[in-house]
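The two complexes that follow have subunit A in common; it is paired with subunit B in the first and with subunit C in the second.
And now, the complex of A and B:
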């Protein structure tokens, strides 16, 4: 355990940023937190969490996959991948840190997605325990501890600074590289900070929420439930839930003619959109009821089926805060599961 | 060799055969000759024309063919129209092979096969048919029931008549939807034709065709006394990656690109009816 005094926070950021890109939550023009690249004078946001999740660092909203040169009847395939440079993401919350394990279970299983793997290998994740969890938080439902997040380094905010604990080799390296700014840490201060977080968590409206009624092996039981119709009735199909979700990993692949060759890129896509499954001969999910059902069945049943019962949700609460019709995974799980 | 499965190979189209008014077969070779990669019967590949799009197409040639791969494509959308306008010598990109193949290396060995197809649905099972022809001693009898809208819509007609019909142990039963001048064969839909033929219940069935044909043929087979465990089919849903990551071809907890496209009907029974 190491300690960084508040007075040295900027030096700490500067020391990291001197060697690699450093990203941290910063308030944007409208006062909402976004992960932003640190430069001298950048002030870390005090917001509980960023509007967008941290998944962009490993699975960016758009990325170029390859290029093609077309000449007459010939096609040259150009592998334009480059080795990613080392970077640090500071201030990731426990929920988003847990989402990386879910993205890993998709992108790092055979056949490995080398684009994702490249960024994963070069990124160091510094997580920050939550001081003031919000009423939309329910990470505890999934056994995620907001007071003790995963990550290469875990940081706790204490009265006069921060406590830092390295959890991995990458984390050790980061703390070793900034050792001259750190002093010995204090386990007791961390325990006190954790106790405070857990006390707040226990009083939150979603404390004690369980997803017992949904999960592994429930396809037959849940797929034809009449409640899907009422739950999805007002869904606009806007896809906001998908875009703010740290675990949504579906993508589209498209080509763009630059006038000087073709770029093939991928970008986030949403199962909430009507053309997601559209083919020349028809669409397997023609209505919004079916598309809505797909999104929640994936997170609550299909993903757990394929991943030893782990839900495809980390309880970050972004969809609760952002859905324009106030529908969300908690309402869906409660309605289908029949418990609190 | 590519280390990233999303990055395709460029292949040259060396022969184009007009099968029916809206189906062409494209022979694809590596720029230096030979196949771009090996595959197993029933597997698919992503074909693309950069700048247009990419789509999953079944590999219709048998893996026993060592010189080239073939893809039969029906003209029905943006990419397929572009493919149909191609000339020999044009390059396209190909990546794969993807998905689970028909179990020709184990479960189907020694079995009497009943292969049922409708329209362009013959393309994925043609790979099996020619694999079995080239490994004749490893399989029992082969009955092929194939139907299309009209005589002109029967794909691989020449190959069927000249090669399949002349293979010992092969029985080919063709049908078209409506009577037509110059056709003295069977007229009627595939599901009824299968029932009329009253196949032996010991056969293992491989089936591919339009959803409506699959539905009624399966019903007919069940009435005859076949079990779902002895009937295989191959599915088609929209795909972007082919490796179980882009998230759009799932039926319940299975991805058609990775866990399929070949499924046995008892396996499909476990999945929600969303295909």
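And now, the complex of A and C:
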């Protein structure tokens, strides 16, 4: 356990940023936190979480996959991949840190997604334990501990600074490279901070929420439930829930005509959209109730079915806070699971 | 208010005036009500909720509901009635399939503003004697509704219902000095470069979730051009900043002269982009160039951008940057 005094925080950021790009939550012009590249003078946000999740670092909203250049009847295929440079993301919360394992289970299994893997290998994740979780938080439902997040390094905020613990080789390397700014830390300060966070978590309205009524093997039981119609009735079919979600991982591949060639890119897609998985014959899900069901069945049943019961949700609460009509995974799981 | 609304819903369902009721249903917390359709008195009894956090404009749902057959009761706030009239004028909804109950509005609360006051861990909110008591896991806090009123309500243009079958509460007046164009005037006073910077700063946060478009009562195309894979501009991502800007600017042009300024676009934006300012600029320009016009005020009025008169302003006379 290491300790960084409050006075040395900026030196710590500067030391990291001198060697690689450093991103951390910073308040934007409307006072909401975004992951932003650190430069001298950048102030870290005090917000509980960022509006967009940390998945952007490994699975960006758009990325170029390859280029095609056309000359006469010849088409040249250009591999536009470049080796990613090392970077550090500081201040990732336990929920987002847990989402990386879910993204890994999709992108790092055969066939490995080289674009994603490249970023994962070059990224160092520094997580930060939550001090004051909000009423929309329910990471505990999935066994995630807001007071003890994963990541390469875990940071706890204490009265006069920060406590740091390396969890991986990458994390050890980061702390070794900044060793002259760190001192030995006391576990007790961390335990006190953790106890405080856990006490808050236990008092929040979603404490003790379980997703027992949904999960592995429930496809037949849940697929034709009449509640889907009422739950989805006022869904706008927008992509807000999908795009702020740290675990939503679907994408579309599109061609962008540059005039003398093609840029083939991929971009986030949303199962809430009318042209999601559009095929030559048309769309496989023609109504919003089917699209809505797909999103929640994927997270609550299909994904757990294939991943030893792990849900495709980490309880970050972004969809609870952001859905324009305030419909969300907690309401869905409670309605279907009879847990009210 | 909630009890009066429920009682009217029971009565109108009971006597067969309506088959369904469009309102709001309770949420997980004190502030996250969801628009919902109620099909019988029991559903109303168990689920119907109305309070200062029921902000959604329900008018657009009527496009879908009119196709379902039967007659539906809808509760509309004054600003929502302008959207309703505009949908009528555009033949998107059928008047005889809808029973409109206008509800008096004192302004809606924005929970984001409560949270911005540093109030965390909210477990309940109650309103009594003009004060909200916000219960949190750290204790209760008393706040004034005016301090957390939604931005759009601070510049409310009308407390008057322009259409209804019956009213609950008192009827209000059009608010003449609502100051809703103040920010537009500030933007107009900027240099083109400053204005470009302002909008890049805002629109660069866009994630193309389409919430603004999908909630918009003026956006009722059966298939939006941005959803048409053959259009070349389909919606899933902005390839570059040009597309990011143009999506919103094109949308603002498309609803120009039809946008009633209900403010739903800005309310639902997950990135807090003040999209309503684009629409307000067009509303202000229409007022300036064609005379005062409020979309939705009169469903039989000829829209200024939908008619031609010989003395209409010429593009060169409209002003703007001459660089």
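The rule is short, and it goes like this: the second predicted complex is superposed on the first by the 338 of 340 C-alpha atoms of A that agree within 3 Å, B and C clash if a C-alpha of one lies under 4 Å from a C-alpha of the other, contacts with A are read in each partner's own complex, and residues count from 1 in each chain.
The rule is simple: a residue touches a chain if its C-beta (ideal position, glycine included) is under 8 Å from a C-beta of that chain, and two chains touch if they have at least 3 such contacts.
From a predicted model like this one, the values you see are computed outputs, not experimental measurements.
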Is A:252 contacted by the first partner subunit B, the second partner subunit C, both or neither? both
Is A:66 in contact with subunit B, with subunit C, with both, or with neither (first, second, both, neither)? first
According to the stated criteria, A:233 is in contact with first (subunit B), second (subunit C), both, or neither; which is it? second
Counting only touches as set out at the top, which of subunit B and subunit C does A:32 meet: first, second, both, neither? second
Which of the two partners, first being subunit B and second being subunit C, lies in contact with A:325: first, second, both, or neither? second
Could you say whether A:6 touches subunit B, subunit C, both of them, or neither, answering first, second, both or neither? neither
Based on the superposed arrangement, let me know which partner A:176 touches: subunit B (first), subunit C (second), both, or neither? neither
Common ground on subunit A, meaning residues reached by subunit C in one complex and by subunit B in the other: 252, 254, 257, 269, 278
Where on subunit C is subunit A touching in the complex? 27-29, 32-37, 56, 61, 116, 120-123, 137, 201-202, 205, 207-211, 213-215, 223, 227, 229, 232, 234-239, 267-268, 270-272
In the complex, go through subunit A and note every residue touching subunit B. 65-66, 68, 70, 73-77, 79, 81, 106-107, 111, 113-115, 219-220, 223-224, 249-255, 257, 262, 264, 266, 269, 271, 276-281, 284-285, 290, 294, 297-298, 301-303, 305-306
Under the stated contact criterion, what part of subunit B meets subunit A in this complex? 2-10, 50-54, 76-77, 80, 87, 89-93, 236-238, 240-241, 243-253, 270-272, 274-275
Report the residues of subunit A in contact with subunit C in the complex, numbered from low to high. 28-32, 34, 51-52, 61-62, 132, 134-136, 200, 203-206, 230, 233-234, 236-240, 242-244, 252, 254, 256-257, 265, 267-270, 273-275, 278, 320, 322, 324-328, 330-331, 334
